[in-house]
Structure formats: structure tokens, C-alpha cells
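All remarks here apply to the structure that follows.
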Amino acid sequence: MDKNLVKDTIAKRVALEMNDGDLVNLGIGLPTLVANFIPKDISITLQSENGFVGLGPAPAEGEEDKDLVNAGSQPVTILPGGAFFDSLTSFGIIRGGHLDATVLGALQVDEKGNLANWMIPGKMVPGMGGAMDLVTGAKRVIVAMVHTAKGTPKILKECNLPLTAAGKVDLIITEMGVMKVTTKGLLLTELNPEFTVDDIKKATDAELIISYDLKEMRTK
Amino acid sequence: MDKNLVKDTIAKRVALEMNDGDLVNLGIGLPTLVANFIPKDISITLQSENGFVGLGPAPAEGEEDKDLVNAGSQPVTILPGGAFFDSLTSFGIIRGGHLDATVLGALQVDEKGNLANWMIPGKMVPGMGGAMDLVTGAKRVIVAMVHTAKGTPKILKECNLPLTAAGKVDLIITEMGVMKVTTKGLLLTELNPEFTVDDIKKATDAELIISYDLKEMRTK
Amino acid sequence: MNKVIDIEKFTNKIKDGMTIMIGGFLGNGTPETLIDAIVEKGVKNLTIIANDTAFVDKGIGKLIVNKQVKKVITSHIGTNKETGRQLNAGELDVVLVPQGTLAEQVRAGGAGLGGILTPTGLGTIVEENKQKIVVDGKEYLLETPIRADVALIAASKVDKSGNAYHTKSTRNFNPLMATAADLVVVEAEKVVEIGEIDPDVVMTLGIFVDFVVRGENNG
Amino acid sequence: MNKVIDIEKFTNKIKDGMTIMIGGFLGNGTPETLIDAIVEKGVKNLTIIANDTAFVDKGIGKLIVNKQVKKVITSHIGTNKETGRQLNAGELDVVLVPQGTLAEQVRAGGAGLGGILTPTGLGTIVEENKQKIVVDGKEYLLETPIRADVALIAASKVDKSGNAYHTKSTRNFNPLMATAADLVVVEAEKVVEIGEIDPDVVMTLGIFVDFVVRGENNG
């Protein structure tokens, strides 16, 4: 699959998890694309952890406001009904269970719902930023990522990188399919018809339970 | 002494404890009078625990604003440079050590600096309101009160009413004199010339240590 | 999203036995219209969480006088003689909490904290039955979060999505309580269009608010 | 009270080894003029508390690049390669803290709390050497207060008594940090007369502020 198609496939499928009226935080990178695919008949509100709700699209060129950026330091806009606040309120929203969902990428995710996405010891130590708070506090945690790291499985029996949070992931969405974290392990509920069950099993280090009701991966 | 003179004497003496630039919370009743006697050469800022700093005097008749009242529900004003906030910020100020002083009345106060001013079991249970926070959080706690309750001592060896806070009072100012709470007990540092050392000892249940440097009680 | 509803729809949500947080400070910044609706409906056995019980004819006081409250968690009842009478007569359970602790507990409930440590109340009856925790050699009381089924908020101005502005001393517990209840209802005399309140100065966030009711007699 | 000072008076207050909190989020809402003055003075062995270390040529990043920092307490260093390089080379001590925990710790420092309980970090390396406390059967980490010698705050507008307004996304940690340091300095391009900012919308309270400095190149 083409790299951009992969990303769009994932973002489109994540968008279908959103419900009308949801308050959602989208992580930097791939998760940001989800905003482009929200179904027309629903409206969601995006939170930006640097201090506002009602995050809108990037401004037109020349319309940038140096005082209005997102958590990745990119110029953005605010939609009518949005509001600004300080970091304490921002994380009160995140940690207080007021986010209906957070969508994040992962370095590793495992069958117990553990997530590792903030450091590789000795190599890359960017820091957790707001990720630990988001994963711990949001009502639903959706991991949205390319299925493997250039062929190396990222969905594991057990994460071996330092965790972002233990047992908090609800759903994993990749270009290959949709996996639910259950008490029994990872349940494959949807499969991208571009791939076979065997393909996804090979690309996954964790045991995959194949749903009796396995469906074709939706994108709309 | 005349009742109003008693109150003014106490309030005037408390006012001398204030330093230029101080942020102060004055309790309801007698402590409120302190604002009338702040020396002309200093300026203090008053906090109102219902949610602002820059508390000003009562408005002229007909100028009352129903949205601007003090913690006693009386119409007041706000001075230039003042600011409004919510109860969380208000008590963040109080508990975070940002008040240079709080001035409160007492039912009882003792030689260990214990204060009881919020209830008489079975009789009067108004609740502590913000008193416990003020006494625990302010940098200096000044008790301003009439020396006795119609002849019954209120300054005791040990409070027997439920405490507002333990060991937090710094200074006691009555119409009879000024007493400092020290590790050795109550030190009488100033005496109102209207009274003798014997008078104040008789009106006090706690041991009074008389300062070697005992001074006449100042009112200006 | 337009969250404006009729008072009837609000009244239908209020049931016997509910726990209700109510904003206001001695009736200043209190949602009088919502309270009046509850008085009219006459639901019983309510638990009320509020700074104070106001006055017999104002704010929360009206619910007390109408004997709809079985328990009140508050910092002050001294301005409402009926609260004291019902307490002494054993008709009402009153839990007295230092005002700053009450503010922190409501915030903890809204911000996902398991509790906060405070020196307020140490050495007093407030410390009874509470965990004491030592940090850096200093002792603190552990105060735990408070949440409610419903929060009733008064605003000076609210947009249709629930973003609210509270002027002067009416702010008090209102923005806090909006974060800590399953159902949050804001009352204001002025209900404006979405976008009319500058996003810099929104004080109660619309994301916390479920319903907006046009108020008539804001205290 | 007029708290406006020259930058020299500010620079004189900053000494080797101080602990300094700095507002801003990736350089947005960061006091660049104050930082530049510290860079110019060249004091060493600073401990910096901030959301992030921004970029090599912006905000806090400049202090790192200039090797004036021995320790940084922060949630994110990923946008500043020099921070990572100094960390790997053993030249800089980096304490990584979840962003929400950092906000709560600074608030606890400013609001007199002994700590707060949070589930964030449970089951991760963040829990190392921390007390775990159980409330209602649920486990939490105890996170303790943070304070600093100095807090550097950026504002969009400040009055001469230190009341400040932070527009849009520039607010972030600024109002919080102003509560939690012994010396608080606010920088803004716009310094206005006392009373010019509506008391309803003051975001950083002047009562927390010691000095006001006219800024030149606010980030």
C-alpha cells in the first residue's frame, strides 16, 4: 500500500469511532489526520493540550497568529464556541475523564492494553509530554498507527520499552485491521481486504483472536 | 470603656501591625474596622475570600451592585488594580501563604496559640467557613477581640471549645493590651494605660509573661 | 451545539435522593430559577453540596426550608437559622468542611485526582477519620474528591453551547462545580449566540455543560 | 504600586545555582526578553522548571545551548536536540514529568498543598521512588509540590501592579508559575496603567507579582 493511502486508511477508520458531540484529543502526526475524515453528519470538538478547546484547521497563508498554535507549535485556528485556558485546566479536562477519546500513535502496544510511545532508552528520550495523562485520563484510548515498523511487529505480547500507561488502550487501528483489547487478548474485529488473516498474524507478535463475526474494515 | 471606643482601640492597634504592600484578609465584624485606621503612609490590599482582591469601602447609597458583595454578603466596591477569581484561586491565595496577615475574632484563644472561633457544641454551629484555611495559611494570624466575654476570660491556658487551628496564632490584640504568642507562653508587650497589669491578669486565664520592655499600647 | 432547554425538561431530570452541587456564595451567583423549579417539584431526600445554605428566603436556603434536603455538605450554615434548627432537631445531616478544602475536593472530583493533602483542619475535629500523610517531615490531611449527580451553575452570561461568564463576585464555586457532576445545568438571564463570548474570557467551559436554562431572577 | 523595573534590576537578582520556573509552551508565551538577559549575564548551574525546552534558538532552549543549566524538570525535550545531546553526554540532569503532573505540582507549590494523588504514571517508570496511596480501593501516586526561587512569566498585557492578561494559547503555565516562586517577574510588550485591565479577566494576579519588565521580543 502507498504510504499516504496507509495513513488515510487508518485515519478514516478512526474517524468512524467518533460520536456526535465527542470531545477528543488527537496526538501529533497521523492522529491529526483524523480531523479530515469526520463524517459530515456528526460534529466533534477537539482539545489542544497547550490550552484550548475548539481547535480548528490551519489558517490560510498569511493569516497565522503567533499567539495561536497547537501542541506541536503549528499555527492553527479556533472555532466558534471554543475557549482558551491555562495548563492546569487543560489537564483537569484530560485527567478528569472529560475527553471522550484520545487518539495516539505507538512505538509498541501489547495484548494487555499496555502502551509504549515516549522513549527508547539510550536512543530517543523526547519525554512523555501529555501522553501519560491523555492515556490515563481519556474515556477511550485509540492507538492509530502503521501496523509494523518497516516489517518489525509493534503489536506485541508484552511491551519491552518503558510504558506510557499500563492496561489503558481500548482499540488498535492500523492499515491492516481493527483490534479490540479484551480481557482475553486482542480481538481482530475488522480486516482490510487488502490483507489476509495470515498476513496480519505474521505482522503481529501478539496472539490475535479472530472474531467469529470478522468484518471487512470500514472506511466510511 | 465605651463599647465603640473599645472596638476602635483594638482596630487602631491592629492597623499598626500592617506593612506597606501587605495583602490582608479581615474577618467579619470587629476586624473589618481595621480598614478604617490604616496609616496614611502605607497601602495594603484586602482580600475577600468569596473571590477578589482590592476590596474597597461600601458603595454610596443607591450605588450598590448586586454582583459585588463581600464574604458577609454586604455590598462593597473594588479598587483599581483589584481582580476577581473563583473560590479555588481564592483559597489558593489563602492556603498558599500569599496572605501577609489575617485578622480574626475569637471565642477562645490560648497560650499555645490555639484558636477556637467557629462553634459552641449544642449551641451555635455556624460552621468554619474559611476560618480554618485563613488561620492555617496566612503568614501572620492576629486575633482581634474584646478581652473578655462580659467578664469571662477568653484568653485561656487551653481552649476547651473545638479548635479552628492548633498553634497558629501569632498575636492577640484586645482593648487591654497586646500579647505575643511565644514558645514560653503569652508575652504582654503593650498595656493600655486605662488598665493596670493586675487588671489584665485578672481578666486573663492564661499565664501572662510581662515583657521587661512593657510599653504603653499604641494607637497611632 | 444548542443546549438551551425549557425549565420543564430540567425539572424532569431531578429525582428524589439525588446529590446536587449548587454554585453561589450566600446566594450571590446562585441559580435561583433552577432552585425554584426544584422547590416547586418538591423532590425529597436531596444531598446538597454548596459553600453555604444562604438565607431562609434565598438560594439553597429555600430547599432547606421546604424540607427537601436530608444532608448538606457545606462550610457555613450560620446565616440560615432553619438549617441550624433542623440540625439540632435531628432532621438534617450537616457535614461541615473548611471552605478551601471544599473547593479542593470539588476540583479533585472534576480533575481526576484521588485526593489532595492539606494542613487545614489538623489538630481540629476536621481530622477525625481521615488519613494523615507525612511529606518532607510535615503532616497533612488527605482530603478525597467530591462529585455529584447534578451541578447547578449561575452565570451572568452564557452562550448556547454552555460557555459561561461570571461577573465580579458571582464566580465563586460555579466554574469548579461545573467540572464535577454527571449532569451540569447553567442558568443565566443573558443567553447569547455561540461565539459571542470572547474565547479568552470563558470562565465555565461549555464542554462541561449539558443544558442551558434562561434564568429569570438571578440572585 | 508601580512594579515596573529596568531589565538591569532584574538581571541583578539572578544568581548562579538558582531554581527558575519559566512559562511557555514550545516557546509560545515565553518571556524572551528575560531569558535573553539571563543568557547575556551568563549565570551558571541553573535548575529550570518548564513545560519543555523549546527550540535551540527560542525560549528556554537558549539557556540550554548556552550551557547555563545543570538540571531541567520538564515534560518534553524532543524539540531541542541540544537538550538530548547534553543529557546523553552526562552534562545535563533531566527529570521528565508528565505534563499534567507538572501542572499539578506547580499549583500545589503555589496553593499550599502537601501533594496531590494521581493515577498518571502508575505502572510506568514515573512511579519509581514515589509513595503509593490507596483511596476507595484505587491506587494513586503521591506527587509533591514544586516551588522555585524565581518565576519568569510572559503576558500579552500587564498593568503596572502586575495584573496580567494572556491571550489565546500563550496562557499555558504562566498564571500557575506566578503562584509558586519567591520572586515573580512578568514581561509584556504592553505595560498599561493600573485599572486598565478589567478585574473580571485578570489571568495572572498582580498580588503574586514582584516586578514588571517591558518586553521587546515576546515569543
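Going in written order, the chains are labelled A, B, C and D, and every chain counts its residues from 1.
The rule we apply is simple: contacts are C-beta pairs under 8 Å (C-beta built on N, C-alpha and C of every residue); 3 or more make two chains touch, one makes a residue touch a chain.
Predicted model, so just to flag it, every value in this text is computed and none were measured.
K.L.:
Counting only Cα atoms for the centres, state how far chain C is from chain D in Å.
P.N.:
Each chain's C-alpha centroid was found; their separation is 32 Å.
K.L.:
So the centre of each chain is just the mean of its C-alpha atoms; given that, what is the distance between chain A and chain B in Å?
P.N.:
56
K.L.:
Quick one: report the Å distance separating chain B from chain D, using the average Cα coordinate of each chain.
P.N.:
35
K.L.:
Would you pick out the residues of chain D that each touch at least 2 other chains?
P.N.:
104, 107, 112-113, 118-119, 167-168, 199-200
K.L.:
Pull out every residue in chain B that's touching 2 or more other chains.
P.N.:
As it turns out, chain B has residues touching two or more other chains at 52, 78, 84-85, 91, 95, 137.
K.L.:
If you connect every pair of chains that touch, what shape comes out? Choose line, ring, star, complete or other.
P.N.:
Other.
K.L.:
Report the complete set of touching chain pairs.
P.N.:
Between chains, contact exists in these pairs: A-C, A-D, B-C, B-D, C-D.
K.L.:
With touch defined as at the start, can you tell me which chain C residues reach chain D in the complex?
P.N.:
Where chain C meets chain D, its residues are 104, 108, 112-119, 131, 133, 135-136, 138, 140, 142, 144, 165, 167-168, 199-201.
K.L.:
Enumerate the contact residues on chain B facing chain D in the complex.
P.N.:
Residue positions touching the partner: 21, 23, 43, 45, 47, 52-54, 78, 80-85, 89, 91-93, 95-98, 137.
K.L.:
Mind listing the chain D positions that touch chain B in their complex?
P.N.:
For this pair, the touching residues of chain D are 1, 107, 110-113, 159, 161, 163, 179, 194-195, 199-200, 202, 205-208.
K.L.:
Which residues of chain B touch chain C in the complex?
P.N.:
48-52, 65-73, 78, 84-88, 90-91, 94-95, 114, 122, 124-133, 136-137, 162-167
K.L.:
Tell me, which parts of chain D touch chain A in their complex?
P.N.:
25-29, 51-52, 74-79, 84, 87-88, 94, 96, 98-101, 103-104, 107, 118-126, 156, 166-176, 203, 219
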